[in-house]
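These are the structures in question, set out in turn.
There are two complexes below, and they share chain A, which is joined by chain B in the first and by chain C in the second.
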Partner chain A sequence: MQAALAPFQEAHATALAQPVANFFSPVPPVQEPGRLYDFFRASNDVQIEGDVRYVLKHNKTTCMTQKESGAWVDIIVSYWRAVKEIIKAEEASNQGRLGERQYVAVYDAWKDLTSNFIKHISGGALPAWAIFTLYFTANHLRRIAIKADDQLAKSKPATVNASFSDDIVSTVAQNQKLEEAARVFNRIFALCLGDRNPDLNESRKWGVYCVANLQFKTYFKLKAISLSKNVVRSIEAQSDLPPFKLYPKAHRVTYRYYTGVLAFLQEDYTKAEKNLQEAWDACYASAEKNKSLILTYLIPCRLITQHVVPKAPLLAESPRLERIFGPLVTCIRKGDLTGFDKALAEGEPEFVKRRIFLTLERSRDIALRNLLRKVYLAGGYDDLKEGQTEKDRIRKSRIPLVNFAAALRMGGQAVEDDEVECLLANQIYKVRVPCPVQDSLLTLPQGLMKGYISREHAMVVLNKKGAFPGTGV
Partner chain B sequence: MSGAAQGGAPTTKAVSDAPNGQPAAVSAKPAPQLEEDDEFEDFPVEDWGEEETQTHGDKTHLWEESWDDDDTTEEFANQLRDELKKLGK
Partner chain C sequence: MPTATSAWGQPMQPPAYNAVQPRTTLQPASASSNTPAAASKPKKVEWPPAVRDYVRRAFDPESAIAGVSSLEMQTKLKETISYYAERNMQDSIDWTTYPLPQELIQEERRKAALMSPTNNGFANGLSSLHLNGANAQANSSPSTLKKRKSQDSEELAQQTQAILPPWRRTNLESRMTFAEGHNEKRQKKNAASDASSKLEQAELEKRRQRFNLGKAGNNKTPPWGASARDEDEMPTGPVVGTNTALEKSYFRLTAPPKAETVRPLPVLEKTLAMLTKKWRAEKNYNYICNQFKSLRQDLTVQHIKNAFTVKVYEIHARISLEKGDTGEYNQCQTQLKALYAQNLGGNPAEFKAYRILYFVYTCNKTDMNDMLAELTPADKTHEWIKHALDVRSALALGNYHKFFRLYLQAQNMGGYLMDMFIERERLVALANMSRAYISITLRFLTDELGFDNDEVCREFLESHGAQNIIEEKFDEKTGKQYRVKIREAAAHFEQLRAAAFSKVDIKGQI
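Take a look at the complex of A and B:
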């Protein structure tokens, strides 16, 4: 046991959360694939507690109080029991006789480990950095819970979850373990948020955002996204958190991503854009998948708020982005409505899955605007009057409705004359962003097109100073 | 004749036989590959410097306006005129 615990003692001596978390891992380190097995073989069910206690008592690497030492004994023993279940499950899996409860047993053991951490942190037995070790342990619990649920779902298609509680709204009984884990994460979140330690350096409040992120991931997976709002509300109501910018970037970027997606789903695109842009700007440059996920929401967002589209290099960030947004963006720029509809229909399964379908559908107005704008440009200029020079030229502002109708039909749209009028009226009426946030709406033009329809003359009379606000004409 | 087409050039047959070929072609199209796991990943490190962020370096030219003002406008004007002429007839 002495040798098996040496890595723990070395890690503990660093007084850093990560090395200690690396010791309490459900997978062995790459350079030492036999680590879990060796640790398990170093003791047995009966002697484990005594063995660990003996080693920690006579340890010379690191100094700890008796209270702390007792806490670590508890934690290491529960880790040993979890490792035992992991090894049993692995052996069963290798022999092709994996039972349905095997991962559930791993989950239960890992949950005990997590609970022990919570117990000793809230009891004040562990140093301040242990909150992050707990975070890593809880993150493993999340993964193990997902695996256990998969295993359960495979063996019996419909499990009735008797221990349903009110805080998890889900119809999917297969997520039993993850729902249970979500309640553990709630406790950890409360443990961080409610820390009253006046010394900010020692505060568990530094764990607030990473645990919140853990909860977001869990709620998104459980398809109980709305529960994330409670987390955000709790954080926003807490006035004494350290300044956001002092938290590590990993916590901040993830938090901004999830709050951005939440605002996006509530159609608050201005807030969504702000959060997602912040996540994008600070994102770790080589985290390709995360970058692609941020852009999956930032692109539709900016289409709605700013009417801008990503340039080729941005789409080239990932083949997935290119595939899902490339055709749409091309059609929007060309004002090709038929192509837009086709691209939207083809991408529908993926857009729906990513929850961006409705937002992208709204960008059809921009494709239409671009087509109408072309009709306006194609109309050319009024003849110059006496005394006017080239720079006084103004575009023809009265455009027959038939011109717009013809353009729509050229693009393959089967539209009646009445419908054309309706589309135009909508363009004139459309407000760019129905945003509740101050200061942004005021500076934005009110409609995609400025002017009025003269039914008498079957004409559209466009504003001479900016017929299509924000587009230079 | 149909026998020859079947034996010799199956692709030609599929094209000429559109009404029959169509449904088969649709069902043969692979469903779009969805990545099952679309979870935001844990970063390999907890914190990083400005020089390691996404926007380090040139970041200004990643977005462009949604409309397209290239030479196609002229071409479009001609097409539109043709179309209107046809309507005027």
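Take a look at the complex of A and C:
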């Protein structure tokens, strides 16, 4: 046992969370694949507690108080039990006779470990950095829970409704273990947020954002996204957190990303853009995957808020983004509505999966705007009046409705005459587009097109100046 | 800090027993306890209108007296009317002048206080001692009582004379005659077999006695309880019904159902035929909804999952849509979704279309996204689903012209669903048009907004406070013409639009 606990003692001596977390890992380190097995073989069910206690008591490298060493004994013993289950599951799977509750047993043991951590941290027995070790442990718990749920789902497909509900189908949880894990994370979150230690260096408040991120990940996976709002709300209600910019970059980027996506899903695009932009700016330059994830939401966001289409080099950076957005962006630029509809329909499965479909759909307005603008430009100029020069001559601002209708039909759109008017009306109105959750778009100063429709003359009368705001005409 | 956990725990682990108390209706309690012959088969009491009115007044919040809880009042009320019912003296009492139960209680208290002014509590204790029917009510939580109060008095009066399901007829008697030692034995047995805590177990057992087990009283062994061992497993196994009555009032289960109260499949099939016929003839939604709920319950407790089940839910969903009962509709829709997943037949396409339209109504983008993710390419080409998808995309793009065309083309119950948000979308379109046009003809507005005729359109504008913008003009060619100076009401329509989106009913949503 002495030898098996040597890595722990070394790690503990560094007083850093990461090395200790590395010791409490459900997978052996690459350079030492037999570590878990050796650790397991170093003791047995009966003696484990005594063994660990003995080693920690008589160690020379680290000095800890009685209380702390007691806590570690508890934690290491529960870790040993978890390792035992992991090895049992591994052996079973190697022999091809994996029982349906094998991973559940691993999960339960790992949950005990996590709970022990929580218990001793809240009891004040462990040093301040242990909160991050707990975070790593909890993250492992999340992965193990997902695995256990997969196994449970495979083993029993349907459950019988045994309750006295009036209806046939019961709402038995699909992700039972992950839901359970989410409750554990909630406890950890409360543990961090509620720390009253006045010394900020020792405070568990430094763990708030990384645990929040863990919760976001879990809730997204559980398709219970709305629960994330509670987390954000608690953080925003907490006034005495350390300044956000002092938190590690990794925590900040992920937190901003998730809050951005949450705002995005609530159609608060202004807030979403702000958060995602912050995440983008702080993101580590070579973290390609993270950057592409951020852009997946930032690009649709900016299409809505600023009517801005991403430039080619940005898309070229990531093949994934190019594949997702490339065709759409080309059609928007050209004002090709039929092409846009096709690209949207083709990309639908992917868009829906990323939850950006309904937002991207709205960028059809920009494609339409670009088409109408072409009609306007093709209309040419009014005749020169006295005193006017070539330079300041004015474009024809009264455009027959049939021109717009013709342009739409040339592009392959089957539209009725009244429908053309409706589309034009939308372009004029669009700044105040219905946005039921938050009328954030109201704050935007400009519409897509300026002018009015005159039915009597079958004309669109456009503003002499800035008929299509933001496009230079 | 608000904990997210509480939000989780609830829906995911439904309690095996619902903690809802059954409605303690005003059945002749003392009658059944005093005369055992009547107890086994209590006569159905037909309450005269005067008594019903008396009950109504008793429940009227205005006649409430401070210090007399509604629980005490109900007990007293029950005691009073059953006293006379039992002696067939209902008609000899002038119910309009008879003191209300709360007044009786007050009077009693006053007398008790006079007799022993120092021992008020004792007097109260005494009075509650002889109220033998109070047990069940004493257990009901304040929230259920409150809920009851909010029911309208008419319904309440109706329920006093409603036919009681058999298991409730016996409940009082069984409560009175249950041997104490017997209970304890049963409790132990169950506690051992079940993983739930002892406390819970005891609670459950108490409930079971209260509602279910006329067994000890009449020595009839229900089919599911052939042996003690079977009985322990009872909640998991399906019941096979033996009841042959076509009609049955809905009653929320709080204990395992008894076979004699449950109708088997052949009877249920007849019931459904009878109900659809009745619905067409009478259109009495309260009755139909109640019957359908009991029908669904009987299917559930017998674990019947087949094409018939699907049919029942479909018909109930359609009826509730027709009546705009979104709560009930959503319950059916949730079930249907799961039933369709098991390929039991029915019309999945129709109900997928409804779901899409419903999400349009609730503006639930998250659910809409999930819905779109679920649709297969084949689904998307289906006529009804395509219609619903077109409605969705027309609204998403603000294409009100197309939207109102689609409204007029809606099939099945789609029209009823679209009715739920048609007014809102008209306001959106008006807000939109008021920015794009300065003045338009009323006829154009009628056409664009899918109104039946100019008159309806005009009424719509007037009822939304826009009467001022309609003007009468004389045109040489067409004669008299109405024009709408729509630009002038732009800000007004914008306000109405925003208000229309701020309230969306989402009860029981999937």
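One rule holds for everything that comes next: the second predicted complex is superposed on the first by the 444 of 473 C-alpha atoms of A that agree within 3 Å, B and C clash if a C-alpha of one lies under 4 Å from a C-alpha of the other, contacts with A are read in each partner's own complex, and residues count from 1 in each chain.
One rule holds in what follows: contacts are C-beta pairs under 8 Å (C-beta built on N, C-alpha and C of every residue); 3 or more make two chains touch, one makes a residue touch a chain.
Please read these numbers as outputs of a predicted model, since none were measured by experiment.
Peer 1: Considering only the touch criterion stated at the top, classify A:46 as touching first (chain B), second (chain C), both, or neither.
Peer 2: After superposing on A, A:46 lies clear of both chain B and chain C.
Peer 1: After lining up the shared chain so the two structures overlap, which partner does A:453 touch, if you call chain B first and chain C second: first, second, both or neither?
Peer 2: Only chain C is touched by A:453; chain B is not.
Peer 1: I'd like to know which partner A:193 touches here: chain B for first, chain C for second, both or neither.
Peer 2: second
Peer 1: So, does A:30 touch the first partner chain B, the second partner chain C, both, or neither?
Peer 2: A:30 contacts neither chain B nor chain C.
Peer 1: Touching A:353, do we find chain B (first), chain C (second), both, or neither?
Peer 2: In the superposed model, A:353 contacts both chain B and chain C.
Peer 1: Pick one for A:414: touches chain B only (first), chain C only (second), both, or neither.
Peer 2: Touch partners of A:414: none, neither chain B nor chain C.
Peer 1: Please report the chain A residues shared by its interface with chain B and its interface with chain C.
Peer 2: Looking at chain A, the two contact sets intersect at 349, 353.
Peer 1: Per the contact definition, I'd like the list of chain A residues that touch chain C in the complex.
Peer 2: Going through chain A, the ones touching chain C are 160-171, 173, 176, 179, 182-183, 186, 190, 193-194, 215, 223-227, 230-231, 233-234, 237, 265, 267, 348-349, 352-353, 355, 357-358, 361-362, 364-365, 416, 418-419, 421-426, 428-430, 432-434, 436-437, 439, 452-455.
Peer 1: Quick check on the complex: what are the chain C residues that touch chain A?
Peer 2: Touching chain A: residues 1-5, 7-9, 11-18, 235-236, 252-256, 293, 296-297, 299-300, 303-305, 309, 331, 334-335, 338-339, 363, 365-366, 368-370, 372-373, 393, 396-402, 428, 431-433, 435-438, 440-441, 444, 447-448, 487, 494, 497-498, 501-502, 504 of chain C.
Peer 1: Mind listing the chain A positions that touch chain B in their complex?
Peer 2: Counting only chain A, the residues touching chain B are 18, 139, 213, 217, 220-221, 248-251, 253-254, 257-258, 280-285, 287, 289-291, 293, 302-303, 306-311, 313-314, 320, 332-335, 347, 349-350, 353-354, 366, 369-370, 373-375, 377-378, 380, 402-403, 406-407, 409-410, 471-472.
Peer 1: Name, in rising order, each residue of chain B that touches chain A in their complex.
Peer 2: For this pair, the touching residues of chain B are 31-32, 34-35, 38-48, 52-56, 59, 61-69, 72-73, 76-77, 79-81, 83-84, 87.
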